[in-house]
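Pasting a structure here, questions to come.
Chains: A, B, C, D and E, in written order; residue numbering restarts at 1 for each.
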Amino acid sequence: MLEIIVSKYNYWIFVFLLIIGLYSMMTKNNLMKKLIGMNIFQWAIILYFISIGAKRGGSVPIIPGGHGHGVQKIVVHATGYVNPLPHVLMLTAIVVGVATTGIALAILVRIYNSYGTLEEDEIMKELGK
Amino acid sequence: MTRKFVGILIAVIALIALMQGLKDLPKWADPNQPASIHVSPRYIEKGIEETGVPNIVTAVLADYRGYDTLFETAVIFTAGVAVMMLLRRSKR
Amino acid sequence: MILEQFPAIIVVAPLILSFVVNFVGWRNKGFCFPFVIIALSVSLVSAIGILYAVIKHGTIYYHLGGWNPPWGIEYVIDHLNAYVALIVTVIAFVVAIYSKRSIEQEIPGDRIPQLYALLLLNVTGLLGITVTGDLFNLYVLLEIASFSAYALIAIGEKGALIASFRYIVMGTIGACFYLIGVGFVYIMTGSLNMTDVGQLLPDLYYSKAILMAFTFLTIGVVIKMALFPLHAWLPDAYTHAPSAVSALIAPTMTKVGCYVLIRIIFFVFKPHYSIEIMPLTTILGWLAIIAMIVGSIYAIAQHDLKRMLAYSTVAQIGYIVMGIALANKAGLTGALLHILNEAFTKGCLFLVAGAIMYKMGMRDIYQFRYLFEKMPLTMIAFVIAAFSMVGIPPTCGFFSKLYLLLGAIDARHWIFVATLLISVVLNVVYFFNVIRHAYFKPSEAYAHDGGRPEKIAVDEVPLSMLAPIWFTAIGILITGIFSGKIVSTVIQFAIPKCFLGGG
Amino acid sequence: MIWQINLVLLSFAVIAALTAISVKDLLSAVVLLGAFSFFMCLLWTEMGAVDVAFTEAAVGAGVNTAFFIAAIYKTTRRTKD
Amino acid sequence: MIREHEDIVIQTVCRFFIPFMQAYGLYVLAHGHGSPGGGFQGGCILAASFILMTISYDLKEVKRRFSEKLNVLFCSLGVFIYAGTGLVCLLLGGNFLNYGKLSKILPTDPVMARYYGMAAIETGVQITVMAIMVSIFLNLVTAGKHEETVEEEDAGDNSK
């Protein structure tokens, strides 16, 4: 059991952060707090993906030796570099996260303009539900 | 109060489920895990030969999976247009 | 040459023209609408071309960027994709024609260009989801479709903002759960291509990580398609959105979710896994019948037409998922046919609701008196759609429900059979309620304003709104009459091979 | 990849996340979220994902926080939880 | 964040920093092929320079340098460059986004054509990201009332 925890501690932290975000998204009354929870939730998933990409003894996935013409002859071994695919996926996911935040904040500003509050129960009271 | 309870319940269920799932994962940073040996070696070994770009992340981002990046930019565009539509008010 | 490029064009045409619409609309609002129509016409032509090519030559493989899978992104278009893509484009085209007048009335003028751009982006996302063959690409496209839906819903009437915010929270949880599932699949197999993953997975079927991957993928998709316990975002969102937007999103978005569910549980994971090792279909089946009953009962209790239709959508998702969960030939045929039926029928109903909003300015069912005399053509279309929803023979709804019933009998699920019949009765109740208030003499309690007026002038909506309504209404009848043909040319090839032998 | 640094950064990230959701002032919560994001950025540099870390520093800790602060400037920093 | 009074220290420091930030944003784009960086990062840094300008000066200054019409053009233009590059490849007989086919119109071999194709799309990404981030920030910080705020300030200045 200890061995499982020690050898995968990154994944355990990912689970913990994910649960923090999920809990905050579902139980917080303030809409901005929900949004903060949402950000933590998304970054936890990004942490998970980057942890997949990590490789013991791997270096940054940039091949030294300049670029442009004439570099095609370099011989590269995959074990020396970390896995680049999760990084690519997560660049997309970060941008998706920022876009979500942007739209949600725009909606929050409009909610505040119409209801004068960001507390969910007060808004519900105003709507008469 | 019930909402708090339901939230905690769902969080705990997710926690237990994820913990079960984590047990069978390969060890962290294992060079021989399937994710590191199936698709990605081709990017590292052939990337510079096929695209001429030393930064493999850029090569994969813009070329091998360039279609993802097109839609990633479209996501940003969507967000921008959405915020413009939701908030912007012109002169009357 | 251009025929081979249709899989890319179908997605890229609305995407590129959405940029053009956004910019051109800044200068002159009048140019937006023609561009929208051009984009959707191109998509429609491509969708027809793709379906034709698939029927003629079998599955299409399209490698984006010229890279072979699993390194690059691949489109795999078989009968199932082509069928769903055609449904989405047809509905989007019809709604776009309708939207011109409706949006002009409901939305402030300076927001129209952005709204059209978002409409096109939404169609892009939905079409992309249907044609893609890559798990992560599907996530990005799902986010495009969802983002545009969030914004389009938020532009609606009072109450839309908070509904949209809840949709954002739920939708993000769904998308992120999907992403976690993709992560588990990736860490165990090392691939993202659906075909490749489908080949690699059988060796790993007894791993708990794969079980988690499967669970998270399914929960994510189920949130996006609003199956019963996770449907909470749907009614508010569909009620408060502008009517053209509800008419676009309601028929397409949840159906695309159903498509993704079929794709994941029967193509990425094989039926052997989702039926025997992890009894998902059983769970989905029970959720589906609860959704059917609960959705219908809630729909009966509503007096707002759009809210009633939204709850009806929840119930209809139940039908489709029940067909998927039966996991036999007749059941899946019923589910796929019901996707078609539900797209046309819900489209028609929401368009009618929009038309009533346009003319009357309200949606309260109890105030629909004399509507048949005022808007006869619209209401006849409504009746056709209602008949299809209930399942009266010449319409498509009858055939899809017949297939579902046959599937349930085949699988010896007598409770499912009983629920199906009960829910048909419930459908009759809530649609008849509308027709009664609109056509027959109103009950005494609501006739307090002194009997019937002298003469009610016919006051129809403009042709650009009436034509789409009637197109969908006639579509319901035609798909009903030719449903045998549709099943024999498209749907029977769209069902996974292993279900065909057993019957 | 050095596991000591990794562990320290992870614990900082968890602390920042916990305080960000529990503090009763939205502006502080947002600044703590920015700190969380920055710890994540350091963590990814340490794991070899320089591109993602760069993006995170520019997008997550920079622009995202600016958006939040702009929205709080237009709404309120009062909150009950 | 639309300042009521001007602060000479902040304005001087920012006037010094903003050009460097913008140059760095372009550097990140240009060196994205060989070092960490690329369109998104560069675009965000450029956007951050405009955000800093909004904070240190005021909205009018930003709108004078980066007008709204230009912003809307850039939003669409960047993604259009990206998708347009893909379409050019499609018209040259390859699949969508197959930059190798660009060697038919560029004086290079297919491998280097991919290199330049990537440079083109990164530029597109950068333009879009910059324009969108600035637009989102300005819309959020003014709650959408760009023009009215500017007009009101103008009116206030005139009355004084």
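One rule holds in what follows: contacts are C-beta pairs under 8 Å (C-beta built on N, C-alpha and C of every residue); 3 or more make two chains touch, one makes a residue touch a chain.
Not measured: the values here are computed from a predicted model.
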Those chains which touch subunit D and also touch subunit B: A, E
Inter-chain centre distance, subunit D versus subunit E - centres from mean C-alpha coordinates, in Å: 24
Whole-Å gap between the CA centroids of subunit A and subunit C: 29
Mean-CA-position distance for subunit D and subunit C (Å): 38
Interface hub residues of subunit D, defined as touching at least two other chains: 1, 50-51, 55, 59, 63, 67, 70-71, 74
Per-residue overlap in subunit B, given as positions that touch at least 2 other chains: 18, 22-23, 25, 29, 33, 35-37, 39-40, 43, 49, 52-55, 57-58, 61, 63, 65-70, 72, 74-84, 86-90
Subunit C, residues touching no fewer than two other chains: 15, 19, 22, 64-65, 136, 140, 143, 147, 150-151, 154, 186-187, 192
All chain pairs that touch each other: A-B, A-C, A-D, A-E, B-C, B-D, B-E, C-E, D-E
Of subunit E, residues touching subunit B in the complex: 32-36, 38, 75-76, 78-79, 82-83, 86, 96-97, 99, 111-112, 114-115, 117-118, 121-122, 124-125, 128-129, 131-132, 135-136, 139-140, 143-148, 151
Interfacial residue positions of subunit D with respect to subunit A in the complex: 1, 6-7, 10, 13-14, 17-18, 20-21, 26, 29-30, 33, 36-37, 40, 43-44, 47-52, 55-56, 59-60, 63-64, 67-68, 70-72, 74-76, 79-81
Of subunit B, residues touching subunit A in the complex: 3-4, 6-8, 10-11, 14-15, 18-19, 22-23, 25, 27-31, 33, 35-37, 39-41, 43-45, 47-49, 52-57, 60-61, 65, 68-69, 72, 75-76, 78-80, 82-83, 86-87
Residues on subunit A engaged by subunit B in the complex (per definition of touch): 4, 7-12, 15, 18-19, 22-23, 26-27, 51-58, 61-69, 71-72, 74, 76-79, 81, 83-89, 91-92, 95-96, 98-100, 102-103, 106-107, 109-110
Touching residues (chain side subunit E, partner subunit A) in the complex: 33-36, 40, 111-112, 115, 136, 139-140, 143
